[in-house]
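After this come two complexes, each holding chain A, first together with chain B and then together with chain C.
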Partner chain A sequence: MRETFRLSMAYLHTWLGLILGFVLMVVFFFGSLSVFDREIDRWSVPETRAEAAPFPSFDRDVRPVIAQVRPDPHSVEHTAAEVIGTLPAAEDMKASDMGVYTNHRDPLVRMYVAFDVPNKPRDPLLDHVHVYGYASIDPQTGERLPPDLQDRLALGTGFFFPLHYMLHLEWKNLGYWIVGLAGMGMLVALVTGVVMHRKIFREFFTFRPGKGRLRSTLDLHNMTGVLALPFLFLISLSGLLIFAYMYFPSPTALMNPLMEVQEAADAERTGLAAEPSGRPGGLASVDAMMQDARARWAANGVPGEVGEVYIAHLGDADSYVSISRDTVDRVATGETLHFSAATGELIYEDPPASAVEAVDGFLYGLHFQFFRHWPLRWLLFIGGLMGCACIATGFLFFVEKRKRKHAETSIPGARIVDALAVASVSGMLVATCAMLLANRLLPIDLAGHDVWQMRVFWFAWLFSLLHAAIRSPRVAVGGTSPAWRDQCWMIAGLALAAVLANWATTGDHLLSTVGMGYWPVAGVDLVLLAGAGAAALAAYRLGRRAAMTSHTLKASPETASIGRQAHV
Partner chain B sequence: MPTLGRFAAAIAGGYVFTNGFVVSTTLTGFIFGLRYFEAQTLAWLLSVIVYLAAMLWAFAERRLARVWLVLGGGGLALCVGAWLLSRQLL
Partner chain C sequence: MSDGALTFLAFLMSLVGMGTLALSIEAHWRQVMGNRVRPARSRRRLRLAGAALLAIAFLPCAAADPVSMAALVWPMLLTVAAATVAASLTLHARFAVSPNRD
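For the complex of A and B:
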């Protein structure tokens, strides 16, 4: 649409980045934290600070719990909105399927039970509507976790992880769609970013920290973008693919009859019933099936532990048990054996993945990161943070490039973008650290303990936006907002306070956790301290620079022509 | 507001086109011998790349009407075609 292809791509890069960058910042930052979601869970629910343990006995520890699990009120509420008519009472719902899983980083075995509801869904595309109930088991003791502990908000898996993929906007799944659009925007920004820079390999090695704000910001934006390009592209792509079935529902929407026929044909071929028969059936020893599965994996040269057990059609004659090998040794998931629930005999073994399934499984596993490979896990965490740095420097470049011109012509654009950038970069960190601190300081017996932590998070974030807006007038005259410095000090203070509060409330200080080698908690504390140090350093340097430049604000003739041709 | 029109064509037009691509690729793969659900996985695997390409093209193409015609019209045609053909296979 512009004069040349390159100019239209530059135009797209600038404006799409500006609009979606705020969402992408959230997605990338909380995605990075989710790489260590289990560790953050341990930190935020100290009662569960234990070593990970292998899958326990199903027959002794898991099986008695199935009948105890009741529909979760939150799930009942969610499903009630999805179906026509009123749901039956929770105690009348019948359990249909269940799954139980653990992972090499988890000291808990988690299980869910799906309950059938007779109601028809409002959306005819939802062919199976369920209500879910949950339970957690301590594999060390075989005991079910008490309900107050099980339902406690774990900040990693319970808050930061869902924030990463759906922004806690449940209404009409709006959060999923916003994140999806932002993910597409990230891919567009990556491609257009490459197109608009012809000297991409030279920029890879270019960083001129002394050459003025505009130059160094752009260099840093290019360097993080190019260095992490393969990672940023693959992580955005694989994240979108997880929800592709939801984003592009055309096959299910338009070819449902054909799909149902094929589903039945697949069930016929594998012997795994798609629907229950309606006749009652028993459940043989699942421990024996797990033993059989381990023996088969060992015989196939891939010895391993059970990662997940899934039972379809509980109590039905056609019920079957699917047992999956844990995923410590590979990226892709899968490798499942299916047994008859009634007899315990093997019905079907997943065949080796086809090319399509192998690529799909790899991308899926790359995003969920169930593997046991700590250097790779840290690399993915750092890659995510580089994505954040790339997005943040994009904002800064947008502001730096325009603020002088906007100051001359009294346009508020640069000032508004700068305030929003402050809130979405440093404000997000302020909110996160405030939430971690609140998690340690709010008394456990406080009514609405979980809700108060969330309130602290959202209000701290809102406060950071207001603070950024109030402190932004200096941007309107071509200067730098002192909000950046203020909020860096806040981050440093809150992160340090969170580490101290963890020590004060649990006794787990760093000497003890590092000494014991309990890395889930030591790691969170160390990252918080590193973050506090980095924030304090940034605040100090911003303060020094502000003192140096405050009297020479109008003097520096910064080269405003960089990239001008490409930016409109 | 040429910018808004361009974004609408890229996002909405590209979305319709991608859905058309996914449903027709699933069906084509199935007709040419892939298992149905494998063909569907393949189509979804490619969906994001197709949407990306459609969005970029929507900004590179000079005539906005043509963007709407190819992405919106083409996407709808693929959807209707796959819908009709899938019923013939039952």
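For the complex of A and C:
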């Protein structure tokens, strides 16, 4: 325990921030990008650059595809490891549940089909084991997308989005746990940060770039942290709540029997069967059910496009169809009507949310952001980037505060942290821009097209760490690592190249995308250009400062040595 | 008024509100107003006026969107408005005041 409460909180803030800050940087940056995941998808899969379209006819376009969907080989492999004995052949698996979904930003309708397997799971608590198959439909033409296009890696929803909550570390869900720990750490850092900050109100608006590196870094760290505090707190808390079932598994582990009883009671109350009856049943017109749902939403005066159609126990007498509204007009999601699959009659309507459900729905919805509100989307993107700025300046302050002392006592601490900070701030941007560029330049018919993009990402990131380490000796003598400037130039070059490559490979340059008002692609290009400009400016100014410092040192070696002696 | 215009109005109100709050802080008052004497009790008044403007800025947000959305738009607007005020104070210190200092 330190001398005072404030000092012990400062100690916790510093060391927790240092350890978890690297993860938080990744979570906040790729989380910010995920605000525009659908738009990044359009940019990275040019064949899908189309206007978003409403849910197509289910009976005409979706239904024929259900029978075509086969179990996905990856899913078969995954499930085979989870169950006892060998799985039946993929052709013999029977489809049980399925979901078809789109939203107001998607020019695609995506669907998954869950297939039953007769095997028992290895983990007895895993009560529903399935194998999944996937398909995508173009809602404009009603045609199924060719398999190569459907399985193509979309960088937004397929790579950046999962990276921000599980770091692509699948082994034993390690990534989820690390991110959860970091999220918890973020909450602690926010609270301790408020406790240790002496002048929250007096320095609310204060950023003094001229007052020395240490002061200005701390100003920026405090300002971004304090101003974005409500956002940072809510986004970390809601992120934790989303995976709370994993971090606190008691409902699915310890209290599993209770949960099964609850499931049965719910089924009794709502009339929605938890398990299939085993008797065969038909599927009435889903279009008619969607029509019914739209009419009910219109009567309630809410925007009424269908977001998801879910069918439970396909082909069973107790099968039901759940139709959810694309909740474009509110934060919370999930407004669902349930119909009998056989008769098409409404069985159950979700009741209005209770107070607890309303808070839960709000927190969940503010993290998933399914609403239609472009200004808010940008505000949340800015909030995320302020979080990144807060974390990055935290690293800089840590290094700035210690590097002189470490230089004098030959401790490598500041140098190591600075190199890691370079890799996790500018290196992360280098890797992202390199991946976008690779996405445009790698030929589509290259075997392992998706894997190569990921390799470019990870190797570019590794390269940035090596580069930062090699260029770090100047930190060991109390200077600034030239790696910051080098990598800023790399970011500027790669981001500009990505925009140009997009133009060269698709013909969609900014004049045409802005002219047509096709904002998903224009927006990604504009953000890349803005990023390139900011990185170039930062690199230029870092370069100028480095030149000035070396000039002063050369011009007045005596003052420099006097300064140093005073410290010793 | 369109929803976009209402949201923009809310942003302008937040901007003025945050600016007023900044003026209630001694250092920023001197930074912007120079050595002009600050009337007595103005600090409290500026603070109240600023806070009131920020609170009222919720109204155009609520008029533009359903309340649950406004509950998200409003604090985010306040954050961006405060950052804008802080940035302009920094730029002001850099370009407007420096000749006096010399």
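The rule we apply is simple: the second predicted complex is superposed on the first by the 549 of 568 C-alpha atoms of A that agree within 3 Å, B and C clash if a C-alpha of one lies under 4 Å from a C-alpha of the other, contacts with A are read in each partner's own complex, and residues count from 1 in each chain.
The criterion applied here is as follows: a residue touches a chain if its C-beta (ideal position, glycine included) is under 8 Å from a C-beta of that chain, and two chains touch if they have at least 3 such contacts.
Remember, predicted model here, so these are calculated numbers, not experimental data.
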Quick check for you: in the superposed arrangement, does A:Met223 touch first (chain B), second (chain C), both or neither? second
Quick one: classify A:Ala273 as touching chain B (first), chain C (second), both or neither. neither
Between chain B and chain C, whom does A:Trp15 touch in the aligned arrangement: first, second, both, or neither? first
Contact breadth on chain A, by residue count: chain C or chain B: B
Is A:Gln262 touching the first partner chain B, the second partner chain C, both, or neither of them? first
What is the contact status of A:Ala50 with respect to chain B (first) and chain C (second): first, second, both, or neither? neither
In the superposed arrangement, does A:Ala90 touch chain B (first), chain C (second), both or neither? neither
Check the residue A:Ala342 against both partner chains and state whether it touches chain B (first), chain C (second), both, or neither. neither
For chain A, which residues are in contact with chain B within the complex? 1, 5, 8-9, 11-12, 15, 181, 184, 187-188, 191-192, 237, 240-241, 244-245, 247-251, 253-255, 257-259, 261-262, 265-266, 354, 356-357, 359-360, 363
Within the complex, chain C is touched by chain A residues 201-202, 204-210, 223-224, 227-228, 230-231, 329-332, 362, 366, 371, 373, 375-376, 379-380, 382-383, 386
Quick check on the complex: what are the chain C residues that touch chain A? 4, 7, 18, 21-22, 25, 27-28, 65-66, 68-69, 71-73, 75-77, 79-80, 82-83, 85-87, 89-90, 93-94
In the complex of these two chains, what residues of chain B are touching chain A? 2-3, 6, 11, 18-20, 22-23, 26-27, 30, 34-38, 40-45, 47-49, 51-52, 55-56, 59-62, 64, 79, 82-83, 86-87, 89-90
